Amino acid sequence: MTHANAPSPSVGPARAGGPPSPPRSTLVVTAHAGDFVWRAGGAVALAACRGEKVTIACLTFGERGESAQAWRAGKTLKEIKAIRREEAERAADALGAEVRFYDAGDYPLLPTAELTDQLVAVYRETQPDVVLTHPAEDPYNGDHPAANRMAMEARVLAQAVGYPGPGEIIGAPPVFYFEPHQPEMSGFRPEVLLDITEVWDIKRKAMECLAAQQHLWAYYTDLAVRRGVQLKRNAGPNLGLAYDTMAEAFMRPFPQIAKELA
Amino acid sequence: MTHANAPSPSVGPARAGGPPSPPRSTLVVTAHAGDFVWRAGGAVALAACRGEKVTIACLTFGERGESAQAWRAGKTLKEIKAIRREEAERAADALGAEVRFYDAGDYPLLPTAELTDQLVAVYRETQPDVVLTHPAEDPYNGDHPAANRMAMEARVLAQAVGYPGPGEIIGAPPVFYFEPHQPEMSGFRPEVLLDITEVWDIKRKAMECLAAQQHLWAYYTDLAVRRGVQLKRNAGPNLGLAYDTMAEAFMRPFPQIAKELA
Amino acid sequence: MTHANAPSPSVGPARAGGPPSPPRSTLVVTAHAGDFVWRAGGAVALAACRGEKVTIACLTFGERGESAQAWRAGKTLKEIKAIRREEAERAADALGAEVRFYDAGDYPLLPTAELTDQLVAVYRETQPDVVLTHPAEDPYNGDHPAANRMAMEARVLAQAVGYPGPGEIIGAPPVFYFEPHQPEMSGFRPEVLLDITEVWDIKRKAMECLAAQQHLWAYYTDLAVRRGVQLKRNAGPNLGLAYDTMAEAFMRPFPQIAKELA
Amino acid sequence: MTHANAPSPSVGPARAGGPPSPPRSTLVVTAHAGDFVWRAGGAVALAACRGEKVTIACLTFGERGESAQAWRAGKTLKEIKAIRREEAERAADALGAEVRFYDAGDYPLLPTAELTDQLVAVYRETQPDVVLTHPAEDPYNGDHPAANRMAMEARVLAQAVGYPGPGEIIGAPPVFYFEPHQPEMSGFRPEVLLDITEVWDIKRKAMECLAAQQHLWAYYTDLAVRRGVQLKRNAGPNLGLAYDTMAEAFMRPFPQIAKELA
Amino acid sequence: MTHANAPSPSVGPARAGGPPSPPRSTLVVTAHAGDFVWRAGGAVALAACRGEKVTIACLTFGERGESAQAWRAGKTLKEIKAIRREEAERAADALGAEVRFYDAGDYPLLPTAELTDQLVAVYRETQPDVVLTHPAEDPYNGDHPAANRMAMEARVLAQAVGYPGPGEIIGAPPVFYFEPHQPEMSGFRPEVLLDITEVWDIKRKAMECLAAQQHLWAYYTDLAVRRGVQLKRNAGPNLGLAYDTMAEAFMRPFPQIAKELA
Amino acid sequence: MTHANAPSPSVGPARAGGPPSPPRSTLVVTAHAGDFVWRAGGAVALAACRGEKVTIACLTFGERGESAQAWRAGKTLKEIKAIRREEAERAADALGAEVRFYDAGDYPLLPTAELTDQLVAVYRETQPDVVLTHPAEDPYNGDHPAANRMAMEARVLAQAVGYPGPGEIIGAPPVFYFEPHQPEMSGFRPEVLLDITEVWDIKRKAMECLAAQQHLWAYYTDLAVRRGVQLKRNAGPNLGLAYDTMAEAFMRPFPQIAKELA
């Protein structure tokens, strides 16, 4: 896979003058098959383009709650799952990421100790430097908070040497919540505005893999423009000009660890 | 002025079977000349198209803080005020509203007892059934909260028979805060989604009166689409379809008074 | 049933000039048998008096947590359930509503997928235009938040064509939270003040059906007076007068959808 | 003055076995003449009945904003101030407190450095052990937050040895905010429920000194009943009984300092 | 057990002139074996020194989540539980309290109806005048909110005469949340600052019973100093002096019931 | 000035491969002379050690509110200002920063248009890449919020080409609020934890320049330890070990602008 408009991938960013570390790792935990594309496709593409590993844990296919058109077209549950899986795999491939499905059943996605335990295993296997997931509130879709709860709980359990299971314990990677569909109603405040301009074409291609939701292509393009305008307004004076920056917004549930204020 | 795409204006909505009341009155209090167009143009046009009276109190021309292009083009302060006034008057005319300027000086707009007293007089003169103004917070522009404070204080003072000045005291009209540029950073939550589809063409024409801020035409069109999608999602099932509803979002600082839950 | 002091019932409000629609439908989801009377009796009576259908889903009889006097009088669990059922049926009848019991067990009411699924069926059967339920927080009674969670989750599931079960999917009806016993401790803010003056006598009669809780009759009469005073103060000037308006307070967890600001 | 229904006043409560301390001192800072009666009359009476000193600093007479009936009866500003002063003095006397007027002008009450400085002098003179004032928010009456700001600022200034003026510096007395007219809209949460049953008759008599606001007598009696019910529910089990406890609610802007958890 | 540095224990504080009541009872509900020492050791020691009964319900030993050193030293699960139990018992003994273990399994501690029911029994047996537990939020350790939920739910259930089980129903004892490790990230605000100076030596000895966590001895000593400084600053003027007061901070989820403002 | 324990200063960090930019600039706006040392000394030292320019705008000397010992020792106002100035200059020198005094008068520090205008000039002169100031709330010291308001307003005004005055307009530099004395009571949440371990010795030396407040040396050393522990816990697993990281905490009122999530 090559990305014509993307920055050159780097191999294993050397840190602080030592030998090359293993490539950084990003773990994305989502409720439904399409979530990672609309909400974090730019962040995923940026990481992948830097040569980093990105693993997406899709807890369900969104087969009941986010496949209205397919149901109305008369598809069976099995067919819908297959369609959603195939679309998501193509989108993940476009972004340069690996996607794994847990088929836990959506609408409602029920948090269980077993599924949380599977996530602990993924954390320990992928040793993420960064975690992306849904925010804790979403009055329009209870599956998103359910995914959040399991992602957050598994991250804590995976840090404990006393929690059984394969793999090494993890550190405490920073977590970023991606933007819900109705941010103000979900207590979402953009705490990080990520510049995704250079990977925008990649995100757009990934969105276009989700054929059944064509009406969202324009919607999420507009959102990236809006967040780009806000990024510019938070970084420079108001010159009364149009901008062409594209951005994604995130929240941080934990403090940022910094070596420098910037 | 005629509005090809607008609903027929009604004259003085008769209420509850009695004799025709005087036409309803809306008062909009804004900090800068363009604010009422971008943020409340749809609400203004809807009211005007119903035959209601809309009065816009512009506390400043936005001559210092929102006229970057004119300053960079070498205009004088006087010229800039004249340009902003002329644009705003044309936009108000397109919407079917009256605009009044107070030239109180922006960046910063300083709340004073005198300016608040002038607003009390406008309240008593226009006897508003509805008030629109900026929300109480905006970390990007202190003039907006300053306008809010004076609009809110004057509304309370105008209700008191003991507060001196011409005109009759007013009731306690409902207040709607319109959407700031960065809603999540300003504590803005869409509590009312107003369907402005039928007056969208009028709002767009009014926006186009603000020639110097052409880059905002598309921006606020996108916003109306986004708020329209949210309106639909708060009113009907998720059918996986595109919508063509346009909307504006508002907050209510006071409880809604209702005869029926709906 | 006739209501001497009530407005004339209308049959199927015609909307926007078209043919008469089916009567509007209200669904009330509550934890205990008496909740709908104290907290929403006025709203229920208003809807019923307009000729609308009101269905009350009582998840439990409040047999353990809200029947202290009966327990202390030595009644058995079975007797207490029967008493509570009979009282609630009489109160519902007085208000003009239908009540259904789910006998899910209170103190604690445990949210389950099965009970939620039963609520999905009620949503699809009754096709509510309006939903009333408990607010999301109540530190004094965990059954209320439990009922809220199931009512809110079932409302989302019932909208999804992919969620199995009988009946048509529903739209996204507005939700109103009614007032808890200690509003400030439960994060309750009166966002809607509903004028129930014209049905007050009906609500009072319904309250008097709950014989075992006679001490609450005066308490909830006083509350209606207080909310009535606040309604007046949010609608008109402070003239230093007494009012005789009676009101109920509600919260809106979702934005109001409006055709007009008022 | 004798209080038939009140506890015996004590002289200078001896603390921790030492010699009698000077009587405790309470300072109440209010915007308008009647505020201390409706909102804190019970707390004032309780302190006075314990033999403590209570000083009420009334910043204005409430002559413009809270005297609608007098204005409509054609009284002059001077007459209205005289009426309010006389009523408040009688009410203070009934409660056993001293009231002082600053005649700073209401509607709006404007915070000034001079008025704040006068309050610093009162703090240093009265050396309060307890401070009562309005809460920081009140969207219905801007004079209340204005009084709050000055009361709070003066309390900090009065602690500083470097702030000039007569009298000794004060400690950091606890502050209690009393309940506004619309508590939920003013961010008010009852953090302290004070049992005023034993001085209720005194408070009622003080309320009855405010003849022009007779409609508020019942209103604030009902409020005391409601807060009394909540006090009982926060102190004992729900026995399904009526209570006859009367209470007032307060907020604490600063942490409670405790020798024992209770 | 004698405490050289503690106040003399009193036997059954006589209240309001009547016969001696039974000694007051404090119930502490915690997730892990060490929690009561670090977070509430001072409050426990103060109560014990006053001759009151203190019962600590430890839901788990903290065997998986808070025993990293033991796991890395190669201990077995059984050995770790035994070590934690022994340490906690010695610490409870030092404080003058009784500790009971429920061995419900930590990391994650899962709320169940059975465990909640066991807590109801403890409430009814111990008839607490005061309850201490974890706050409702803690993003760093999900076991703490889980313990909070069960402690809070059991407290409500234990008040209901209709909830089955042995023992008498309880009143509504005040609850105090103790301070989490990262207070600002857990929504913790110090609402009560408890002066523990006179029992500091006892708390320190109890901390030293937790040998494996020696690095926390200094940490929690520093915290007590910091809270002591804040206590002083909330009780007196800023004299620019050092203090030697030691304190613990607590939140109150319910209103304080007061006979006097202080 | 040389810093034995500090990293080598770099000269003008080259960015994005271009020619060396001018050294980065940090602007600190504080109310009183000592604030920048206790609250941001580590951030200042880190920037200075990287060869960056740091300018501290001290609005007052803290002569009335934070000089209790000097007043009690009988010093005059003039003497106290001179002492505070001299101490602050030595501390700034130790940190490698420039300090400027505005002598605006403390306790209370009153926001004025003139002082705000002076700050606009400093912004335009120093062209800050980073701004540090007090948070917006502090119930213990009104001067801190006053400084915040002016610092924030001046930052917006300085961005506007229409605001008159010398110098070039600025961009929109990120702002960091430093930690108040009682963080939880001031709405402070650590959103950024800055590792200051490598400049700790420098901060300690700067603190020791403030001779009159010796009791704060230990206090702020303990705070740095505590924030360091939290930094470690937000960056790695809980290994049950002691740490020797020192940190300062900050809030971000505006979103972080990022090229990468980390």
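Read from first to last, the chains carry the letters A, B, C, D, E and F; within each, the first residue is number 1.
Here, a residue touches a chain if its C-beta (ideal position, glycine included) is under 8 Å from a C-beta of that chain, and two chains touch if they have at least 3 such contacts.
Per UniProt, the chains are A, B, C, D, E, F = 4-oxalomesaconate hydratase.
As the structure is a prediction and not an experimental result, all values here were calculated from the model.
Novice: Using the contact definition given at the top, which chains are in touch with both chain D (4-oxalomesaconate hydratase) and chain E (4-oxalomesaconate hydratase)?
Specialist: Under the touch definition, chain D (4-oxalomesaconate hydratase) and chain E (4-oxalomesaconate hydratase) have C, F as mutual neighbours.
Novice: Counting only C-alpha atoms to place each centre, which chain is farthest from chain C (4-oxalomesaconate hydratase)?
Specialist: With centres defined by C-alpha atoms, farthest from chain C (4-oxalomesaconate hydratase) sits F.
Novice: What rotation angle takes the CA atoms of chain A (4-oxalomesaconate hydratase) onto those of chain B (4-oxalomesaconate hydratase)? Round to the nearest 5 degrees.
Specialist: The best-fit rotation has an angle of 180 degrees.
Novice: For copies chain A (4-oxalomesaconate hydratase) and chain E (4-oxalomesaconate hydratase), work out whether under half or over half of the interface numbers are shared, and give different or same accordingly.
Specialist: Looking at both copies, the contact residues mostly diverge.
Novice: Tell me, please, which chain's centre (mean of its C-alpha atoms) is farthest from the centre of chain E (4-oxalomesaconate hydratase)?
Specialist: Checked the centroid distances; the maximum from chain E (4-oxalomesaconate hydratase) is B.
Novice: Averaging only over C-alpha atoms, locate the centres of chain A (4-oxalomesaconate hydratase) and chain F (4-oxalomesaconate hydratase) and give their separation in whole Å.
Specialist: The answer is 35 Å.
Novice: Counting in whole Å, what is the centre-to-centre distance of chain D (4-oxalomesaconate hydratase) and chain F (4-oxalomesaconate hydratase), each centre being its mean C-alpha position?
Specialist: Taking the average C-alpha coordinate of chain D (4-oxalomesaconate hydratase) and of chain F (4-oxalomesaconate hydratase), the gap between them is 40 Å.
Novice: What positions in chain E (4-oxalomesaconate hydratase) touch 2 or more of the other chains?
Specialist: 67-68, 72, 140, 160-161, 185, 190, 230, 233, 237-239, 254-255, in rising order.
Novice: According to the definition of touch, which chains form touching pairs?
Specialist: Contacting pairs: A-B, A-C, A-E, A-F, B-C, B-D, B-F, C-D, C-E, D-E, D-F, E-F.
Novice: Inside the complex, what are the residues of chain B (4-oxalomesaconate hydratase) that reach chain D (4-oxalomesaconate hydratase)?
Specialist: 113, 116, 152-153, 156-157, 160-163, 253-255
Novice: Can you check the complex and tell me which residues of chain A (4-oxalomesaconate hydratase) touch chain B (4-oxalomesaconate hydratase)?
Specialist: 66-69, 72, 140, 181-185, 188-190, 212-215, 219, 222-223, 225-226, 229-230, 233, 237-242
Novice: Taking the touch rule as given, give the residues of chain E (4-oxalomesaconate hydratase) at its contact with chain A (4-oxalomesaconate hydratase) in the complex, in rising order.
Specialist: Where chain E (4-oxalomesaconate hydratase) meets chain A (4-oxalomesaconate hydratase), its residues are 63-65, 67-68, 71-72, 77, 80, 107-108, 110, 139-142, 185.
Novice: Mind listing the chain C (4-oxalomesaconate hydratase) positions that touch chain B (4-oxalomesaconate hydratase) in their complex?
Specialist: Going by the criterion above, the answer is residues 26, 43, 46-47, 50, 129-130, 132, 159-161, 169-172, 174, 176, 190-195, 230-231, 233-239, 249-250, 252, 254-262.
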